[in-house]
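These notes open a run of structures that come right after.
The following pair of complexes shares a single chain, subunit A, combined with subunit B in the former and subunit C in the latter.
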Partner chain A sequence: MAAADSPSAAFQRRDLCSRGIRLAGKMRSDVIDLLDTYVERQGLDASASVAAAVEGVPVAAAERWDEQTGTQRLLENLAAYRAFRALLAQMLEEQREQLGEADAALGRALAAVLLQVSAFSYHLEELLRLESHGPPSEERAASPPPPHLGLFERKLRGLGVLRELAQWAVRSARDLRQLAKSGPSSSSAPSPPESP
Partner chain B sequence: SLTDSHIQYERVGADVTMKCGSMDWDAAVTWTANGTDIDESHLNGSYLILKNVDLTQSGQYSCYEGSSWHLKYQTYLRVGTPPKEPVLMCRSNNYPKGFYCSWHLPTPTYIPNSFNISVIHGTKEMVCEKDVFPKNRCHIRYLQLFSTVKYKVTLTVTNALGKNSTTATFDEFAIVKPDPPESVVAKPVPNNPRRLEVSWQNPSSWPDPESFPLKFFLRYRPLILDQWQHVELSDGTSHTITDAYAGKEYIIQVAAKDNDIGTWSDWSVAVHATPWTEEPKHLTTEAQVTETTSASTSSFMPPPTTKICDKGAVVGSGAMAVCWTAGLVLAAYGVLFI
Partner chain C sequence: AFVPHTPRILSLTPDFSTSTLNLKWSDNGSVFAYGLDAFWQIQILRKEAMEKVTQVTYYSKLTHEDIILSWNWTSDMPLECTSHYVKIRCYINVTQFIGPKDWSDWSPVAEVPGKDTEPNGSGVFPQDTVVAVGSDVTICCVHEEGQQIQRMTYGPEIYPMIHLSRRSSAIRVLNASASDTSGTNVVCILSEDEMDGTVLFVGYAPDIPQDLSCETSNFLIIKCTWKPGRPSGLYGTRRTKYSLFERISGKNVSCEVNEMNRERVCGFPVLTDQKTYDFILGVSNPIGQTQSSLLVNLTQRVHPKTPEKLTVSGNSSTSVHLRWFINGSFAEIRLLCQIEISSGHSERKLHNVSMAGRKFSTYTAQLNTLHPYTKYQFRVRCSAADHFWRWSDWSRIEEHTTLEA
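Coming up: the complex of A and B.
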């Protein structure tokens, strides 16, 4: 593996960051479309208020975001998207159980976003490998199982998941731009992401 | 002598009664308004009665004891109205640093007003630092970015006659609106009669265009037409217009938007430019040498629909040869009409 600060590594980083920014942009656009579909199909009010911190859903909000190191950004992003992968898989399963084939469009849209989230997670893992840190193992970053919820609560939770994912997509593009701008990550040991 | 000087606020249309300090009702007094004696018809004993007051009746009212002309009472009457619901606007033109809120009253009250603003994000109350100038604005620094929690801003306006308030609720992304691009410049391109080179700069208020890039929207039209052409540009701060009508003056404007969030800025200051045109040449034919009338100075402008020298063609020397040939043809055509 090239040293993190070698010219080829710098080129790879910029390339991965550029592609990641485009992925994040496409993902956000699709999540916003999915949000419209989800709200309509689930009979929700688009302006419905969801609890600020839905259990198990990674929150995109960050304090002192501009002070984060590149590695911190990557680790937080990776932990978030791994969590979203599990959450979206669960939503897909619930949607199939609840609506079956009656709403194939919603199922397809959920599956498409799930695929993008998986792809983005992989992309982040590549960037972490390039930073010579390597991604943390999946088990450590896995979210705890969600609480048992009634149908309406599940729908609201799904709304919260998608809204937060849309925020993460914007944040991720910004994080990758910062990463591309800042060059090699700091030499300080990466701090593990906080568990949700 | 006893005097009592203070400010008295009354609503437009109210009936106002002023007592002459501690003077008895039946005391002989004289009232003045801004130094001018008030007619006795406005008096009820020593009380001054002003019915259905209007804005013109604001001023200094003084009461003097009849014979001694000692000043017994003085007040400054301010006629006004309680505040209507204020208009509040919040916007971030310097994302991700923070946002500002500004406000105004839809109609004046004609008396002093005080404004109080509160900003709540979730359960946290944030400080909105008031600007010295303009006074109807305050700034908030973002403590968090990428939050889905909405901001709730409540503005209360109070004056001596009443109060009113309004609330605005929004999320972080929705209020992001950059200032218009700056230093817009449009120049003709030498030897290119259908091109205009436009350049601009990021608004200086946008703190970090590298990490938070802007995209741009350019619009242009010849002055003689009403319809705009539009071009959206995802990066860079310049663009070459390649389909301008030759010889026509153009008006050009640019707007900016964060690449990912928020809304478009207002349009920039408009700039004007005219594409390059060829200097008129004098043709050296025998007919022209023997002419006794003034020299012909016809200039030939290719019609706007001319495609020969279009952007698709003007690439490399081959296309230049095509353009030159077209010029000769047109010149020959023009000679026929001299």
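Coming up: the complex of A and C.
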């Protein structure tokens, strides 16, 4: 059970939540920019359907979102961003392998978003430590080995990863807003979706 | 009429990576006299409707033994796209037989099944391949039974489709132009918004390296540089790779090259007791390969590093003592160093001095006939004395004022 909220813990949580919301907002706008660059550089159709290529990519849409406790939100967020960290690292490695120095700009943009995802994961771990739960150890969250895909499927998969990450940034901001209001162990009445 | 036995196909082997079929058959020569002329007609058929693609006539001489004959054919489309079939017949010019002679019957067809016959064979072929600019390329989309291809695009363009079978259609790209860095996407849009695709990398074979030049700055490493010529348009794992092979020693070095730099550089170790180097710069990428060669005598290609730690000392009104260090092992040559002397508004003077080269050593020189109580600026550069190749860069400037007279 989470410790009763002392005033300082509540203040610290609200502070972490508001900083997390700003991080999520920045991450989302950078991911949207990266998406445009990625679509253009990979010669893709922005509206391409990627359903078949995104196995193993965390889905942002959540059923019974409003019934989740704060801890559940944090745990789901953390699992997602750890998975995105692995997925983006793999995209970066493939990008370097396939293009070498030829598209350093895309590589830098990918690396920048990867850094933000890592920072956001660390931020979520901080919030979980605040509730004396502590984040789950990293190994359990390790992502499955990448399926063998052709280059076109990898391009689609990358598109799917970035689209879903942009959705997660929106969801994370809502989750953190919810957490800031109601504390860790209580669920909450639904609130209208807001952009971060 | 004389009609030979129907020939027997021994094997029909596909090489999917090169879209090549290898046909092997027995010429059944043991039943004929030595030296007879034999003609083999080979027919290639394709698609569900087994349409004839080509027919060739192959000639051989019989040797009174059963010889296995072999013949290759490269398809203009990936073998995965649809089933390919081969049949063969022969005509033997039996000179002793004076009556009419005719072709044998066709052999039974040998088949290489396409992916469109396999349950999980769907995909777009060729998969992630590299072709030369200007090539004509056939790309096919193999899909599941019951699915429909809505359209196939090559890059931004929709292409007319060629029906191959119930589960396979193709497009034909003529005179392919160079692709972007991430390749040209070939997308097969199927019903229910499903899609499959491949990436085609269209580039150039490597150009012959131009202005290949090799020198050493320290007798430890030989640095070769060249201009790559036309960019290949291929990157990452498909980039153009360079290797430096030295014929006399047999040593080979692969070069780490940044494809975005205009000039290319590769290092090769200086080998003990070897002055002459016979280099071959090998260049290759998935489309082709070429090379450049260069024979150099290393002592004639010395480009020393910039002299360091220049110091000027002296307690005299008309002379100074200079010392400097050069990073490198020059024991095998004589060095020529040039000292530039300037002061105030007077004209710069150059003073040449030569000395035996040494290993990672400090060198000295004495300058006389200077003016008393005058502020001078000195700097030094060096080169090989006997076979000049290139000056080092100038050292930093060092100031010194001579004593009063």
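Here is the rule we go by: the second predicted complex is superposed on the first by the 178 of 196 C-alpha atoms of A that agree within 3 Å, B and C clash if a C-alpha of one lies under 4 Å from a C-alpha of the other, contacts with A are read in each partner's own complex, and residues count from 1 in each chain.
As a convention for this text, a contact is a pair of C-beta atoms (placed from the backbone, for glycine too) under 8 Å apart; a residue touches a chain by one contact, two chains touch by 3 or more.
Note that the coordinates shown come from a computational prediction; the quantities given were computed from them, not determined experimentally.
Visitor: Both complexes share subunit A, so when I overlay them there, do subunit B and subunit C fit or clash?
Guide: Because the two structures are overlaid on the shared chain, the partners are seen to fit without clashing.
Visitor: Quick one: classify A:A60 as touching subunit B (first), subunit C (second), both or neither.
Guide: After superposition on chain A, A:A60 lies in contact with subunit B alone.
Visitor: Looking at the overlay, what does A:R14 touch: subunit B (first), subunit C (second), both, or neither?
Guide: neither
Visitor: According to the stated criteria, A:K181 is in contact with first (subunit B), second (subunit C), both, or neither; which is it?
Guide: first
Visitor: Now for A:K26: first (subunit B), second (subunit C), both, or neither, which partner does it touch?
Guide: A:K26 sits against neither subunit B nor subunit C.
Visitor: So after superposition, what is the minimum Cα distance from subunit B to subunit C, given in Å?
Guide: 11
Visitor: Going by the contact definition given at the top, which residues of subunit A touch subunit B in one complex and subunit C in the other?
Guide: Touching subunit B and subunit C on subunit A: residues 52.
Visitor: What part of subunit A is in contact with subunit C in the complex they form?
Guide: 41-45, 48-49, 51-52, 96-104, 150-153, 155-156
Visitor: Considering only the defined contacts, which subunit C positions touch subunit A in the complex?
Guide: 123-124, 127-128, 155, 180-187, 193-199, 235-237, 239, 258-260
Visitor: How about subunit A: which of its residues touch subunit B in the complex?
Guide: Listed in rising order, the residues are 25, 28, 52, 59-63, 65-66, 163-164, 167-168, 170-171, 173-174, 177-178, 181.
Visitor: How about subunit B: which of its residues touch subunit A in the complex?
Guide: Touch list, subunit B to subunit A: 96, 122, 143-149, 173, 210-213, 260-261.
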